[in-house]
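Both complexes below contain chain A, partnered by chain B and then by chain C.
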Partner chain A sequence: MSRVSTAELSKYLLTGSITRRGCLHARFSTATTSRGFATDARLQPTTPTTPTAPAVPFRKQLKDQNKALKTSGNKKKKNVDNQTVPGWELTVGIEIHAQLNTRHKLFSPAATSFQDSPNRHVALFDLAVPGSQPLFQSETLIPAVRAALALGCDIRAVSRFDRKHYFHWDQPSGYQITQYYHPFARDGRVSLYPRDGIAPADGDRVDIEIERVQLEQDTAKTTAMAGSVHWLDFNRVGVPLIEIITKPQIHHPATAAALVRKVQMLLAAVDACVSGMEAGGLRADVNVSVRRAGDAVSPGSPLGTRTEIKNLSSFKAVEDAIIAERDRQIAILEAGGIVEGETRGWSLGSTETRRLRGKEGEVDYRYMPDPDLGPLVIADDLVTRLADSMGVLPDQEIDDLISSYGLSTKDAMSLLTLDDGARVQYFYNVLNALEERLDLANDASPTSDQRHAQLAANWCLHELGKLTELSSDLGMTPDGECRVPSVDLAAILAHLHRREITAKVAKELLWGVFRCEIPSGGVTQAIESNGLWFHELSEDEYADLADRVIQGEDKVLSEFLRFKQGKTKAYPQGKLMFLVGKMMRAGVEQRMDPSSAEKIMRARLESVYLPALEAS
Partner chain B sequence: MSARARPRGLHLRHVCPPNGHQRRHLNHFISRADASLTSAEATPVSNDPSSTFTLAVKDNIATASFPTTCASPFLIDYRSPYEATIVSQLRARGARLVGTTNMDEFGMGSHSTHSVFGPVAQDPEGDAPIPADTSSLLSAGGSSGGSAVAVAKGEADVALGTDTGGSVRLPAAYCAVVGFKPSYGMISRFGVVPYANSLDTVGFLAREVSRIRDLIVGGGTRPGLWAEHDPQDPTSLSSAARTRCAGGREGYKFDTAWGKKRPADLLRGLRVGIPLEYNIEELDPAIRDSWARVAALLQSSFGVRAVPVSLPTTRHALAAYYVIAPAEASSNLAKYDGIRYGARATSNTTAAAAAEDGSAAAPASDAAEGGVLYAASRAAGFGAEVKRRILLGGYTLSAAAMDNYFLQAQRVRRLVRRDFDRVFALANPLHDGDADPESEPPSFDLSDLDERVPMADKRGPEEEVDFLLCPTAPTPPPTLREVLAKEKNPVEAYMNDVFTVPASLAGLPAVSVPVSVQPGGAGEAGRPGAAGLQLIGQYWDDARLLGVAEALVEVLRDEGMGR
Partner chain C sequence: MATPRLTLTRAISRPLRLPRPPPPPPSPSPLAHRRSSSTLPPTQHDPFALLSQPTWSVRQLLEPPAPTLSASSSSSSSSSSSPSTTPTPLKNQEHREANQQAKEGGEEDVTPEHLAHLLRLSALPPPATAQETASLLATLRAQLRFVRAVQRVPGASSSSSSSSSSSVAPLAAIRDETAAGMREAEISPRTPGVREALAQEEVWGRCKRPRRRRGAAEDKAAGDGWDVLGMAAEKAGRYFVVRSGGSGSGGGSGSGSGKEAGEKAAEAEES
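Now for the complex of A and B:
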């Protein structure tokens, strides 16, 4: 379970609905605090009496947010361009924490787990038992290096571990082991395109540099109970994270959100990440500063004082928090004030960031190289091997889907993001089976005709999507199979493509397969036994029908005449479809294809009726 | 840390009462096995009765049999859920645990006085009874003072200590026993409560070098500890590295010709370096005299060449040590918060009460930051010396001081190691990368060298040496009263480590053997104090070091200069 689909996310973010599968459901039903990561000791209040944002279920927050917007009468603000403020330049840098997809913790052989009973997977070192020592689990390097490669980073041959000191009950040793002085990866780059959702002002493409990627430990999970009681689950302590730090090169809020989304997508694509942002597997801190646009002209002029907003847990929160913080800073500066370097927080649904602490409250982390841990040496052969076996990255795959199969950008992105990336695999399975049936497998020039591919994509996305509109689940597996076996969908599509069945029959067959009414491999048999083959009317029979329904429709006919005479600009398509509809009802529907009916109706109008009408 | 400051509600099950007034013994054990019981824990794993020996374990090394208190109020009732690798290794070699020994809290101290169980004292001279007030007795040295006394009194054949900056060698010198600090990375630290990980080593104390040599080098069918890698300790050298390091060394094969040499033959032809920088002003004249007499004896009667050598960074080593060790300590001791184990101070302290009052108004994060639980627990759970070193370390690691202290100290540490590498004939197998033998030999800055060092050519001194010979401690053991009187000036106490710290910084093996101090010399009040002479070897030259130490002890005994 490594990816949350964008479709799911939008449903979730915009309407607050959550599909009831997997970890999403389980996560949000528990009243846990939000500290996913050890970024800071003091973010989390000690007493549960202080409302902390994520202690409230996420869905409820979204509801409250909507309510707040309604009462303030600002609901229709969507069209306002909130990406730029004239006269000001915004600069944003982002730090993203992601849980790595590994079986063991970073420095102990204890298993990583997310659903198990609390405190089941804890080694001596995880609890900082005196005399225990860290044992680096080298398998952690597989997802970590893959993630860094997906982000275009340079993998350092030698990196080191440092201790970052602060006291918090969720940090048993009193320090977090991280890579402060020598991170294992540096100098990466993420390219963002309009399809990733960047601000229009960023044009066709914007490259954001990744300054560093470092390995570090997660903290224990705190659950606030009634009274001033906290429960600690040490299953999570020591789970490996990577922290990804961008350079301050982002200048628009939407682009910041797009970057986080893109990083999540890249991490999921290389199977480096456990879960997406909303499942708590990814978390972002943003550094925000503004300066007058005039200052930005001269290179090397300093950025404005920055503030940091911690623990943002959704893409929308990233964008909204940046907008709010930018506007706050601009308001201060315009009033002649000074922006203070401080740490701020953000609650979903609010309209402004809140101060957590100022500079004077900064912790001195007293970074120290960990004396128990030697340098981490990553050999070239490992990097080469992981780079070679990494597969195609999402951008490349989207480009391939568009150019090879003629899909739209939107459809390509949907295929890639649905079902944690399994949907596109399903699409390939269907396409292969379909091409085999259509005997296109050996066709040397697939580009000549991509209609079958578009058909397959259309059904894999939209028709398949309709199946699950009523609560049930496709049961998509990572290797791209689901309750509608790819071979059966391919069988349906092959018949449809050859016009051996109608689209309506095809949809019914799909439901039949989905509901297990048609056994796998039994599509053709089902068509046969139910007499669903499409024996289309002959052209003459269509023409007869057309003639029959046109009778008494003189008023409609006159519309066509007016178009022909140039009196109206638009072809009366609606009227045509009205006539086709009449035709479909008049005839035997199972034997008719609306497109054939339309074609012949149009031909009859042009060749017979309009000339007759003109003549009269 | 006075006994009163101990968290309430804890019941001692230890042999030494924390109340000094009731003490009428040397206070060297914290927990002790009941001799009348033959419990499973006291039974050695080995079936060969001839190979069994009694073992005392410093109380910062985890045992399955006893609490592991580190002599700290924090861990006064703490029982480790597992046993240290070294204890298991020794059990497998026939060790029978007799108890855990008293020490300076977490190993921080030079006299074993900073203990929640009270100070350790040495046996009075002759057959004098132990007085109720032990302050007139001699310091056992620290921090492994309990282990040294247990060995000196014959209550254990071998005692384990930990040596971070001299904590095994110094008490060995004070108590006139043998104390050995192995090469860093040879003995597993898994289960050893860390003080400063990059310096900590498990050390061995015994009355005879041979006991220790048997364990380290092995003999007959028993494998030596030197060969055993522990996968639980990331700083334990891998088996491959052990073999590689031992490849260029003599003495690891116990039954070879080298191992069977007579002491005099072992010494013949050795080149022993006399580090001139160790002849400091604070060095007790009687000890200086012993040092000189032994060097002269070796040179005149045993064909040893005593070579003056220079270790120019010595004078900075102690300062570097007292930056690095507290820095690591402050980090290591951050885990003691009373949350998961150890003593937790309850909220009826004033600090907690004040914080509770304020919590309604103050942001909740302040409560976490103020660390009600932490502050109270850590205030009550640590002794004064530990707190002092935590503060020192916290400061030297702070962003403002890091560059001037911690990083400088690390540079000094490199120079200390380079000093040793330059004087030893053997190469340091861990650093062959940065000193390519084909390239320019390491050059000396002549202005750094002591002027008495003879020069071979303009490049540097004439001779490389096999071992260094120097005193273990600059003075004979003071009385506990003297120690307590000087407590106001901790820097003076830190001075005791001046000769032991350099080998710790460089990770080198070193052994302290007892030597007599000429009565009537300028020793303190003419007291016939014990002293230790220290032999320092190149990295992983432990086997030969122990062989030569054994020979040295023997010839000193023959010459009437031993103890």
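Now for the complex of A and C:
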């Protein structure tokens, strides 16, 4: 391509005109006019008001816009850390509603169900048929008390039920039975750590206190149809929920999302609430308020007006909605306005919360103790019995994995969360079988080398994940078995750990087992029959290879010499690996282990090649 | 009877703070039965004498305010151990024609806007004529006067009385709340529902966590076997149909905005 003349270049940059000379489509029609146009523009300096002047170049326009924004002070700064806004303190309180895992509903003997045929499990009381009375189903206490214990609450021996009145078609009786005045559990605590995903500004640990946990009823499921018609399914009316209310002690959006995630994990671990946010079994409402950082210094100073955000359906929505609402409130307060206490909503993908109802639409719930229901009296031995049967909680399990097996925090967390907790059961099964094979069961001292456990964890997480696109395709059962039987994986890992096969061969074997080409229990047989044993080259053979490879690599050798002589600071690892790669290609790959090749090469460099170079 | 207790008190060197005075001497009167409610402090008075003179009356409290109000409040405050009766909601027709337009002395009044708000909350029709509004307001004011008079009783509500250390909780229902009654109502591992549910649990995994065993056949008797959709005004397959939009559909609009929008808006679902 020929060089563009400076005249044309300057015309383009300064006036934005391109000469059409040579353009095919404009050759005959507008060539002359555009040339004349350009000439005219060059003679007269362009002013914005001249109608005949060509358009300002787009890049220049953008630059002018930005400059104008900057001077006016409205320039949107890219907030790299959107967890804190300097000069302001955010306060968030969260209310979580979780559906309890019970067989019957809370006040009627109808069965709970999920995605069942509509209006099939409905009792007379659920539809508020006149004359029907509530009948407290005591088995609902089991998951409720376990949930409260998992959150560290004190269980009150006597609690009472209250009515919360409001009219809606999904509440047939006109009131919801809840525990407003005397909840059954109070004063709990949830501890959050950086591994749970809290904001870095919160440091190493955050303790969020739970103010109360109370039992309440769920409402019906409404499906909106066209033409403002709604279809109601009353299967869900009366299903027991617990409402978990935290104290307003959260100060960063990421911590709020981490809290909801942690509560879901804890509830699932004690079998209190097994459907998560995505399935609709757990819902969160957040209360957001801001105040200036200076006001926050004195303890007991009042918090700002709070707004409530409802209808949050995922953890990310929790974080995003809090950030959007905080920014909105700060903008209002900085402009000198007042934040109104209202209820707002959030939908995925929005940038700002939207108003659902204001103060004038606020409902007066007229809480009153329910006269049909007696007090809820929970015996001490029930609480003790449930506390003893809760098992090891997730926090403890992660700490055990990290301390006993030397896993990293990230790996431990992944193991626990994958496949609804089944993956970690699989890991335990594999580990047990592996230890049996390696005869390590007897010398299990905590300080002993746990490399085999780390190997097992790596393979359970990463190699298993490489087999299928979706982790559900692995067919992991809750007991910890999948399409790769744990005994077979243990066999492969035992051979790998003892360096009887290479990693590449091990991966091939894994594929074979997954595709059922190798029958269960036949791993060793398969290695034998296919001749896959790793017969490593001896040291002398490695040395021979190294000698062969180093021929003609004087330039590379000089790099090492320079490091040895102190002229460069870093060891030329890249060059070393280049040499190792050359060795692998030159030799028989199935019989070579890259790490031992590297070791040999490094040793020979030190002992043989560099001295030879220096001598020459 | 009182003497042994007093000697016991003196014998203990650490000063005991007794919450109530020593029990009364046994009265031969057949009406002096021991009340089971713990909220009634036993007094030295004779129950007959106490109950012979009424200290307040409903009609008195419903009378117009100002001079009578102070009198009624002083008379009601004299009975510090007033029995904790439920304040009966008043719908006495004869008091309705006491059409007071007088403003409450010093307390906030009920305006027609308040009345309209309350009626909307209860999904009741708004009053048609001005006279109806006036009579409803009068009834409401009278009821409020009564409630406030009850709340002025020392110990009735913890916020109003600063001197009394023990406040009387409002009675929600009359139940057996003695120690024995509470023990009977207690839910323990032996309660039938809990016992069955605990028996159906299994221990899962290395961490020995509890799991409810599912898959048991649902109770056919519980909740099934009656025509659920029989009372539906409008049906669509197995769903109840409700029409919203427009005001006045059973208070749907006012409460539709009042309902916390916890549900997701539209879920496509096949019937």
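One rule holds for everything that comes next: the second predicted complex is superposed on the first by the 532 of 616 C-alpha atoms of A that agree within 3 Å, B and C clash if a C-alpha of one lies under 4 Å from a C-alpha of the other, contacts with A are read in each partner's own complex, and residues count from 1 in each chain.
Quick note on the criterion: contacts are C-beta pairs under 8 Å (C-beta built on N, C-alpha and C of every residue); 3 or more make two chains touch, one makes a residue touch a chain.
Predicted, not measured: the structure shown is a model, and the values here were computed from it.
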| request: Examine A:175 and indicate which partner it touches, taking first as chain B and second as chain C; both and neither are also allowed. | output: first
*Which superposed partner A:128 touches (first chain B, second chain C, both, neither)*: first
Chain B versus chain C as contact partner of A:283, first or second or both or neither
second
Q) Regarding the shared-chain residue A:271, is it in contact with chain B (first), chain C (second), both, or neither? A) second
For A:224, select first, second, both or neither according to whether it touches chain B, chain C, the two together, or no partner.
second
Exercise. Touch check for A:110: first (chain B), second (chain C), both, or neither?
Worked result: second
- Message: Once chain A of both complexes is superposed, is A:357 in touch with chain B (first), chain C (second), both, or neither?
- Response: both
For this session: For A:519, select first, second, both or neither according to whether it touches chain B, chain C, the two together, or no partner.
Result: neither
Between chain B and chain C, more residues of chain A are touched by C
Is A:200 in contact with chain B, with chain C, with both, or with neither (first, second, both, neither)? neither
Where chain B and chain C land on the same part of chain A: residues 124, 127, 129, 165, 167-169, 356-357, 361, 364, 366, 368, 371, 374
Seen from chain B, its contact residues with chain A in the complex are 61-62, 68, 70, 75, 78, 80-82, 84, 189-194, 196-198, 231-235, 327-328, 330-331, 333-335, 337, 339-341, 359, 363-365, 367-369, 371, 373-374, 394, 397-399, 402, 406
Chain A contacts chain C in the complex at 97, 101-104, 108-111, 113, 117-124, 126-127, 129, 137-139, 141-142, 146, 158, 160, 165-170, 219, 221-224, 228-234, 269-271, 280, 283, 285, 310-311, 313, 343, 345, 356-357, 361-364, 366, 368-371, 374-379, 381-382, 385, 389-392, 397, 421, 425, 428, 478, 480
Contacts from chain A onto chain B in the complex sit at residues 41-47, 49-50, 124, 127-136, 163, 165, 167-169, 172-175, 356-357, 361, 364, 366-368, 371-374
So, in the complex, the side of chain C touching chain A is made of residues 117, 121, 123, 170, 172-173, 175, 177, 182, 185-189, 191-194, 196-198, 200-201, 203-212, 216, 218-219, 222-224, 226, 228-229, 231, 236-245, 250-252, 254-269, 271
